[in-house]
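Note that the chains are named A, B and C in the order they appear, and that numbering of residues resets to 1 at the start of each chain.
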Amino acid sequence: MPSALRAKDITVKFGGVVAVNNVSIDVNQGEVLGLIGPNGAGKTTLFNALTGFVPLTAGRIHLADTDITTLPPYKRIRAGMGRTFQTERPFEELTLVENVLVAAFLKEPRRKQAERLAMQVLEQVGLADRYDQPALDLNLARRRRLELAKALAVKPKLLFLDEMMAGLNPPALREMIEFVRNLTSLNITIIMVEHIMEAIIELSNHVVVMAEGSVIAEGLPNEVIKNPKVVTAYLGED
Amino acid sequence: MFDYVSFLQNLSNGLLIGGVYALIGVGLTLVFGVMKTINFAHGDFVVLGMYGAVLLYTLFGWDPYLSLVLAMPVAFFIGVAIQRVVLSRLVNAPPESSLLVTLGLALVIGNILLLTFGAEPKSVNTPYSSSTFSIGEISLSVILVLAGIATLVIIGGLYILLNRTELGRAIRATSENRLGAELVGINTRRIEAIVFGIGASLAVAAGVALIPLLFATPTFSGAIFTLKAFVVTVLGGLGNIGAAIAGGLLLGVVEVLGASYITSDYRDAYGLVVFLLVLLLRPEGLFGKTVNRV
Amino acid sequence: MNKHMIALLCIVIAGAFYPLLFPGYLSIAITLLLFVGWATAWDILGGWAGQVSLGHASFVGLGGYFVAVGATHHGLDPWWTIAMGMASAAALAFAWGKLTFKLTGPYFTLSTIAIAEIIRLISINEGWLTGGATGVFIFSLPEPFGVDLFARETNFYLALAFAALCIFTVISISRSKFGYQLRAVREDESSAMASGINPATIKLKAFMISAGLTALGGGIYAIFLSFLEPHFIFFLLLSVQIALTAIIGGRGTIWGPAAGAVLIIGSGEVFRTTFAEANMLIYGLLIMLVVIFMPRGIIGEPVRYLIRRTYAKRAQS
């Protein structure tokens, strides 16, 4: 299977702190990689480094065959990445459809086609009926779905999901899990940071566990959660 | 042959002028450190001080350095009032709001002065306005030296206030970590009002110190002083008082040296160029810690 | 054609009759129209792209000086020199923006003041370029199709066309891909980047368009005044007036800056002074009131309220 993303020896330092320490990640096309670990493990920093929002101290990143290590975020998006933000970042002054339109313009420069793509994506996430609502007034679940819609509108081949499942009530969680599952059937590769184990176990082909900046375990979801090192990292030494 | 005397002359003039710039800048940087407010009206407070001195001189014949005793407390209360009435409403607004509101304040102060005093430049002519005295071959303007001494005294007083009093401790705490300060019971809103008042009185003091030397014009000079204050604080690093002093001295020296050795036509531009360079290359200032890069 | 375009067309047509109806009040109308244009052009950078510039007088001056110096010292026709002025304004904006866009919010604004000041000092000192501190007179201009360019009526129509062009530009931007990209960058740069937008390019484009249009107004202003001196035209005060006009009216809206201009120039006329003390006092008070109580401006606040209320009603039905 062709590689979607290959990150080798990624290190990120802030001042004296090593936030990410020599992490390597390999994801094949169409797979789902789950990234878990306790708070402060460096997961979001790694995310930001892979998507270009934080500079690397060392390492190389390949998106399919292209070396994207030095590319700024918007160029990585154009190369086929997509991402959501842990704290949703809607354009509050715009309506829902306009929010998605901004992203849709990337692949559909002409207005009519961009609008059509935006409405399609809104249908996909189930927000089409609220297309002209100002993004300001959404509840959590809908904000999440809007965030997802914006990421999907750039037609990504590799999608980074940052804690999409957090804070959702059981029915909404179910919906989101099924939705992500559907995405994989469209051959979109997914890398997800999560704390909700249910989602990780159900969706991931492969799990990587980080703690204090380094990878402490990886493998199939069911193996990894039983790994004593992982349990210790989450619960602390007892 | 390098002209040492002339260089030393320029250097000392630069340092003296720089001392006054430092006084102007310290007030601005103090306000920014505590309130994270960029006060566009700062220069207009300086001009307010100048006009205050003019008023007291024309009405009572007071020497400007005497007026300081009255001007600074009055300025303090005006500053507190302004903070309470206007600036305190900006707590949750984006940073550019304080810039715009203080810009409006600058216009209001400047134009009230204009309407009250008229557009003609005013000054105070004391008997010693143009006197100089000499140290070796270098002649120093009495006014600048007096202003320098006043600056030292005032900044010395500020140092004592900040480092040896309860209030000073509270101010420093609020400046470093606002939330932390509130958690230990410091009334940060009161601190903000006090700090703005101090900033205003520092600016007014600078104006009073400068009036024997310069002319006061109601709207034009306000903007110039504000700009100088910004250059000083950015050079030193916004929020860092010791550095602001160094920044002021640096600005004074850069201007005088530039005017003497390159051309005096662009005197005001040298400081601006250095300012831009610092903003672009080292926004945390030459000595500072706060970084504002995107 | 959308409703804004139609409104614009109606205003232009109505405006065309103005000189016939109020021949004695042309100067004030010309000043008003110039400010409508300048504020609207400023807003492309300040409101739509969210970068507050207090240095736009530089572009006014650039346009004005190209026309004045071009006519007097080199005998060039104003249509060429205005075009040259606009092009050099755009070029200046490009260099300026490239240099300073990495600065955030207030720091960017401070840098615009510093750069504008340097430009003013250059224009005062480099007499060979600008005629120095004493200024430049425009003595004569060509008469295209027998039209007297110095006549007040002609100035009026030029200013009207200028204001209309600026508003037309903003209306077009608002419906275009560029307009959405601008708003995205203004709202949240990171989110915009995640949508594939390069914020620096967008801001540069906005700056260049804003600068070019402002310079066009400057050229017309030069013809109107037939005399320029650097101290006035490049000065911080003019930059501040332009910026505050747009902010008070409402940044990021189509008609906001124009409304701001009408309000301020209008009230200035009520006090019988145009750029003088009482007028600036009002500017100061208004900006303080607007920023504290109506941050989206006099037009912006009601518009936003209406939009949210319309949606809320529709959601309930």
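Couple of notes before you dig in:
Please note the rule applied: a contact is a pair of C-beta atoms (placed from the backbone, for glycine too) under 8 Å apart; a residue touches a chain by one contact, two chains touch by 3 or more.
The structure presented is a predicted model; accordingly, all values stated were derived computationally and were not measured.
Core chain by CA centroid proximity to the global CA centroid: C.
The highest number of C-beta contact pairs joins the chains B-C. Centre-to-centre separation of chain A and chain C, using mean CA positions: 42 Å. Chain B has its Cα centroid 49 Å from the Cα centroid of chain A.
Spacing of chain B relative to chain C, judged by their CA centroids, is 32 angstrom. Across the complex, chain A meets chain C through its residues 51, 53, 72-75, 77-78, 82-83, 85, 89-94, 98, 101-103, 105-106, 109, 111, 114, 132-134, 136-137, 150-151, 153-154. Chain C meets chain B in the complex at residues 52, 99-100, 102-107, 109-111, 113-115, 117-118, 121-122, 125, 189, 236-237, 240, 244, 247, 277-278, 280-281, 283-288, 291-292, 295.
Partner chain C is touched in their complex by these residues of chain B: 38, 86, 89-90, 93-97, 99-101, 103-108, 110-112, 114-115, 219, 223, 227, 230-231, 234, 265-266, 268-269, 272-273, 275-276, 279-280, 283, 292-294. Across the complex, chain C meets chain A through its residues 175-177, 180-181, 183-184, 187-188, 190-199, 252, 307-308, 311, 315.
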